[in-house]
Amino acid sequence: MSPSATSDSPELAASPASSGVTELQNAVIRFAGNSQDGIQTIGGLLARLAGRSSREVMTYMTIPSTISGGPSIFQVHLGSGEVLSAGDESDFLFAFYQHSYDSHIGSLRPGGICIYDTDNVQEVKSDLDALHVGIPITSATVEALGGSSRERGKNLFALGLVTQIFKLNKEKVIGLVSKQFGGKNEDVLRNAMLAFDAGFAYPVGDLLKVEYELQQGRGSAVDKVTTDGNTAMVLGLLAGGVRYGAAYPITPWSTIMEQLRVELPKYGGLFVQAEDELAAVAMALGFAYSGHVSVTGSSGPGLSLKMEALSYATMAELPLVVINVQRGGPSTGLPTSVEQSDLMQAIYGSHGDCPRIVLAPKNVADCFYIAVEACELARKYSCPVFVLTDMALASRIEAFEQPDLAALVHEPVLDLSPRGEEFKPYPLDGLTRHAAPGSPMTAGKYPVVTGLEHDEWGHPSANPGIHQKMTERRREKIKAFGATLPKPEIYGDASGEALIVGWGSTWGPIREAVERLRAAGRQVGCIHLRHLNPMPNGMEEIFASYANVLVVEMNDEGLYGQGQLATLLRARHCDPKIRSICKTDGLNYRVRDIVSRVEAAIAG
Amino acid sequence: MSTTTESPKPLTKKDLTADHPTWCPGCGDFAVLATFFKVLEKLQIPHEKICTIAGIGCSSRFPYFVNGHGVHFIHGRALPFATGVSLSRPDLHVFAFGGDGDGYSIGGNHLDHAARKNVNLTYIVMDNFVYGLTKKQTSPTSPKGFKSKTDPTGAIDQPINPMKKLVYGGASFVARTHATQVKHMMEVFERAILHPGFSVVEVLSECVIFYPGAFDDGNPRKGGTFDLIEEKKWDNSPEDAERHDVSDENEAYRLASLQYPGKFGVFYETDRPTKNQLEQVWIDSTREKVGDASAVDLLSSRFASMK
Amino acid sequence: MSPSATSDSPELAASPASSGVTELQNAVIRFAGNSQDGIQTIGGLLARLAGRSSREVMTYMTIPSTISGGPSIFQVHLGSGEVLSAGDESDFLFAFYQHSYDSHIGSLRPGGICIYDTDNVQEVKSDLDALHVGIPITSATVEALGGSSRERGKNLFALGLVTQIFKLNKEKVIGLVSKQFGGKNEDVLRNAMLAFDAGFAYPVGDLLKVEYELQQGRGSAVDKVTTDGNTAMVLGLLAGGVRYGAAYPITPWSTIMEQLRVELPKYGGLFVQAEDELAAVAMALGFAYSGHVSVTGSSGPGLSLKMEALSYATMAELPLVVINVQRGGPSTGLPTSVEQSDLMQAIYGSHGDCPRIVLAPKNVADCFYIAVEACELARKYSCPVFVLTDMALASRIEAFEQPDLAALVHEPVLDLSPRGEEFKPYPLDGLTRHAAPGSPMTAGKYPVVTGLEHDEWGHPSANPGIHQKMTERRREKIKAFGATLPKPEIYGDASGEALIVGWGSTWGPIREAVERLRAAGRQVGCIHLRHLNPMPNGMEEIFASYANVLVVEMNDEGLYGQGQLATLLRARHCDPKIRSICKTDGLNYRVRDIVSRVEAAIAG
Amino acid sequence: MSTTTESPKPLTKKDLTADHPTWCPGCGDFAVLATFFKVLEKLQIPHEKICTIAGIGCSSRFPYFVNGHGVHFIHGRALPFATGVSLSRPDLHVFAFGGDGDGYSIGGNHLDHAARKNVNLTYIVMDNFVYGLTKKQTSPTSPKGFKSKTDPTGAIDQPINPMKKLVYGGASFVARTHATQVKHMMEVFERAILHPGFSVVEVLSECVIFYPGAFDDGNPRKGGTFDLIEEKKWDNSPEDAERHDVSDENEAYRLASLQYPGKFGVFYETDRPTKNQLEQVWIDSTREKVGDASAVDLLSSRFASMK
């Protein structure tokens, strides 16, 4: 909520536009209530609206720890420029209850605006540098609905307020509301509109003292796609050609499997809910063996259960995409918090020398693209491919341009062509090509796919030379893929005081931190690794241009002071400049934390 | 599973024979393999459509000895793997093989769930009442008192009753036979393979090294009795009243309670929809609903809805 | 078999002693036959004899890949000095069959002696630099036994030959034979002695041309203990105070669980065979929670299945010893071959930040000591402690001095004392102390042990600060243990061309390689890590004194050219001097391979 | 499990109450908890000897709400953990709690093996026919047609029959009750706890959020019938012939086959040696054989034998 590109600038609306209206480039709006109040719904609508107004958007929500619900927030960061984080602080706070007010007033930035429900909030801290605007949200909504006692509709009342305050396009908002509630019975939509209109008409102007207008985005006029990371992942898998998969539910992975279960039949495929994770990965490997690129996934604990079968996937060289929506660990840990502590397990979790590809998406759009890539790699290299996403990406909503589907979508075809004399599933001089069952073997000899060490034909062999050669073969194909990766692109300064290295969902905050650091006169750049195993070659050349290489991760610094990616980079590059910026509080990085910790690291 | 007979030249035992089995001379599993070959010869399933899948154990080396598409998977998980194959490849004939440890110990849960879901495949368990491959530990079917390396003074846990497990679990074809009774084995294998749905045959198959003589009680040649289940012929005769109605689950359970060596033959058989069929109905109706749209079309309209 | 301390010297018996008898300091004898022939039995007897003659010994055997048996060897390296490896090559080969001869004649060193059974070996390579001695072993044995058709007893005939040839103490040998066969029915012992005597009396002297005598050892006069690594591990666990455990069978772990099942009731304890590895580790944790240090274990695939529960063990802080008898991987891999490829999994295999202690024994005696230490650490730090042994140690026989049991043995006592108001299982300023169930809580508040993140009292908490602090706490206690570790002792030169770093069962061959390299004029030293996580501090100071730091491991060089320990060392120390010497052929390192690869690495 | 009454001051519900349950208002599990408290109050088990163990799920949060030694373990493995506690600590009263997903899906195999081994503990399953904690996926007891997030058009797999599973598995006490029938629940819990061996109670416990109304058929207040099993009184009366003999496994299995909502009460009860007892016999006789030697003595003589 400021004319500058960052939402962290010290003052609110410093430069009213000539019209007397304050033009906002960005606004961070936090709705704080209970999970039952439907604040996710209006947050989602605002995000969708942003996508339709060539604005950028990023959302952030918390999930109550009890099933019965409880305090919950939904934060929307809207911007006409690039939006890279959900916002460290909010510009506007909507507090529905006293507990919402008490817990979240601290997140309002100095000079921010707090709108609270006078029906539920008794006490506000009037000595704060904030504009408090009391509105009887509950009673006004009940009144508008003609006396509904169930307190439904407060969310739409609030949406009406927001539409009014930020001069959003009312027609577009109403269109979205109709789309959302239109499917249900008529009363629902009518009540929703009544509440919305009441909020839109509520005389808030005087209370605010200033008028705001959120700038239109600068981007293309094309409507953007607005969705969350788990949904984008599902769509990427479908585009990548996955038609079969199996899994077991666990938070926050479940919404991927639930969607795949619904979507796959449309494509003629099938997703199976298995009795546990062991069965799930085995079924998925059965699908893979049958000639399909298949998918399984889970979160933390469920991944640990899959480690034995994934070792088989490497040995037998079967194409399997494995998704881990990371959450706080170890054990059941913090099931609804974000963490990046499963990287080492993705690379090293199975027994034996088990090389496998590990990827991580950087934002919601990338969940789509990386899923497509994972499918391609599994197919091409006939091996398991891990995708490490996380709790933050899973539920975060962003707007992005629709991918070029015609170019990206892969329609899988089952290859049951006859194989001749020369057929070798594991050639020493080439990539694995299985003959799926159903393929006639014209020389009369059929293959067995095994987890025992085997020769080029797949026959088990305890011959020392063969084990050595096959171990090399499984490693070299992954290395060969690594050699195809471009050197990571640098964002920011190409040399200087510090290079920040990140992976996964921290992409946005890191980029925003680079911008702020540079704005503050620092010479810093960043690279973001989407390929964690193998990593791209040539990074030592990049590192050479900076005084510090700082790896920002959401995991623990370990026994020797380094986070997981930092450990990998140091082992590979043996460069003591590589140091860690770690944390394990289960929260997303705030931009200002990265900034201050990079400053501190540069200082010494 | 239904058979097809469209293969051009007949499939012979020779075509089906792969490596010479690494089993110990005298191991009961040889007879199971030979019988399997005979039944395949009779049924003439197209060669490339035969798919055998196993976990780990002596018995689980089966796929190496059958010249057909084969999988030697990990311990205890043959059935979920085979489920993946069966559900996505209706054209194949899927066979799972394994031992008592693989199937009833580490793999016991998968068996129950594959059974209740009635996945279309045939599962043959070579039960030798012992862990063979790992050299004589107590298995879940080892009788009380059996002296193994993990029960040197004799097994103390009540063993699992495989027939009860299969009947309770919901397998739609459940039979029991003995590796020395080749003719009976053949009959039962054939019926299991022809049965549409999850069919299981428990074969008592002697481990001559670690549990010799375990099944002599069921082997007439060694002085035992091979007592067959007489199935109802539905001929209204008075004798028929005494015979076993294979569709009666409670009766099947009662039969399973008989003391060792008990009865052999088909305990239970029923015709209920397979998971394969039920999922296919859903897939087909969904495809119809979307007008058999291409992936690009489906995704395009999905993306459009998110704008 | 040479006057020098190494068995690799170019010539046989170069220096006959004055008596006309060639004194041997070392002899490597390989028996090659079928697994049914009982060659393990006589190999074991020879090893035991060495222990009783203050000689050193190391054995090596192969296991046939089929259950029904098949070709198999048993090699005994006897020495009056230190015996560090099972011998690269054999000095004496006993070939029972043509296939034994064909497969193993290549292992005989130039000038070595091959004794073969003329009843079964038709063709020998007379052009080799070897002395071929044909003896009708089968028929002579049958004759001695009075016409037994079952061909039993050939092994004892061979033992008789060996006793004769090397002038071993006949009484001691007969004593051991009686002990071995005495328990069974009388005929068995009588037949054994008939066969032994026949071999002992067989006129072999003329055929050999030279007389040999194996030197008495220089060590103490006390009889040594002779046993294999898995048995030593079992005894160490018993001494360390383990009274409860659970597992599932798998090769080569099974013999540990089988022995524990038999032994524990003697100590009033219990070992349970579970239905699978998941149940096994859960039961073992149930024992640990109940107030006992407990044990579980497995090999490769079984360890992968335990990763989820082990993550819980870290979170809940329960004392559990976890043994991994490593074998060739990935997947079922090479179940009867040796490999060291599960180190990364031991450290990083579970989801989440999961710090745990990882130890590895260096030889058979150390299997005992490290098991004792593992129990102590689990008790002291209330956490899971991994022990990485391997297939080679599992079955290898060595002689060593009896440990000081009175000083080492821990008799566990269950602590069910009442806990008061102040009781906190997870104090931020101290080590975890659980109140086992059965302990009265005098303030009336009972604890719940959970895998969710929790506060000092064990209450689940999703508070960001708590997760950060508790993650630190779990890490810091492991670090604190690391700080107590002494800097590793250097063997060989304390500075120079190369430091060899090893871990696990390669200790002997590496030491022997250092000796040979130094004998050849190289300045090299070695350190052997028994503590892999955490590693001792201060190693950078050791590394600084050498031009090269070469990490010798039996695992793959990975995507970036480094084995698993090398990766860990490079990440920690960022020292590019640290390089890898890796292999994955499923065999033990031969001393000469280490020598030549170190030479090559020094050269460039 | 036997009770002891040597506790000095009586244990009250208040002593046993820990945190306020985080369950949704109206969740059936509240009644289970309240009933458990009542039974403990009645039996007066010493406070420190109460040990509750659970896996993961809404129902598995039970240990947090009981003020006693408690364990919140991982999903599906409560029973093997509890087995470790029971076998090594005969002084404790071990209780395991969980849901249908935890117990019959991921944990299904452990249940069978704990049952056949007759481990001495009491296991209470709060079956709500759905995955509650993960928000409405199909569970192994979800009936066909149930619409969940993983079966949006209705569940298609045949559900597991928990009573059959328990009877076949060899649990030595098997009962079924309903969370709205507190009196019955109390009776059954008490009998389960007093039963020596592996006792299991399946409680139909409604998830008001994700499967409201699931058990109305078994709730007279909602128009259903709560049909009790009449157990034999062995009074030689003609009525008694019709009553259920709880020691008859085949009858118990037949009862389990009744159509939903079926019968409530004790299906099966038998007195057979527990694993605890059997292992203890072995331990005791072994200790006797070695003359109760100390660890140092035992190890010394073992080392001597290896020289």
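Note that the chains are named A, B, C and D in the order they appear, and that numbering of residues resets to 1 at the start of each chain.
Everything below uses one rule, namely that contacts are C-beta pairs under 8 Å (C-beta built on N, C-alpha and C of every residue); 3 or more make two chains touch, one makes a residue touch a chain.
Every value quoted in this text rests on a predicted model; they were computed, and no experiment measured them.
S.K.: If you tally contacting C-beta pairs, which comes out ahead, A-D or A-B? Let me know.
M.R.: Higher C-beta contact count between the two pairs: A-B.
S.K.: What chain lies farthest away from subunit B once each centre is taken as the mean of the Cα atoms?
M.R.: Farthest from subunit B by mean C-alpha position: A.
S.K.: Suppose each chain is reduced to the average of its Cα coordinates; what separation in Å results between subunit A and subunit B?
M.R.: 44
S.K.: Express in whole angstrom the distance between the two chain centres, defined as the mean CA positions of subunit B and subunit D.
M.R.: 31
S.K.: How many Å are there between the centre of subunit A and the centre of subunit D, using C-alpha atoms for each centre?
M.R.: 40
S.K.: Determine the centre-to-centre distance between subunit A and subunit C, using the mean Cα coordinates as centres, and give it in whole Å.
M.R.: Using C-alpha averages as centres, the distance is 46 Å.
S.K.: Mind pulling the residue numbers of subunit C that touch at least two other chains?
M.R.: 65, 275-276, 278, 301, 308, 312, 331-332, 450-452
S.K.: Which residues of subunit D are in contact with two or more other chains?
M.R.: Touching at least two other chains: 72, 74, 105-106, 108-109, 113, 140, 279, 282.
S.K.: Along subunit C, where are the residues that touch subunit B in the complex?
M.R.: 65-69, 248-251, 254, 257-258, 261-262, 273, 275-277, 301, 331-332
S.K.: Hey, which residues of subunit B end up touching subunit D in the complex?
M.R.: That would be residues 105-106, 108-109, 112-113, 116-118, 140, 153, 156-161, 164-165, 167-168, 170, 249-250, 253-254, 257, 272, 275, 278-279, 282 of subunit B.
S.K.: Using the touch definition from the top, list the residues of subunit A that touch subunit C in their complex.
M.R.: 65, 278, 300-305, 307-308, 311-312, 314-316, 324, 328-337, 339, 341-342, 344-345, 347-355, 450-453, 462, 464-465, 467-468, 471-472, 475, 478-479, 482, 533-534, 555-560, 562, 567-568, 570-572, 574-576, 578, 583-587
S.K.: Under the definition above, what is the set of subunit D residues touching subunit A in their complex?
M.R.: 22-25, 27, 56, 58, 72, 74-76, 105-106, 108, 131-135, 137-138, 140, 149-152, 209
S.K.: Spell out the part of subunit A that touches subunit B in their complex, as residue ranges.
M.R.: 48, 51-52, 223-227, 231, 235, 238-239, 241, 244, 246, 265-270, 272, 274-276, 278-280, 282-292, 294, 308-309, 312, 402-403, 405-406, 409-411, 416, 435, 437-441, 444-452, 459-460
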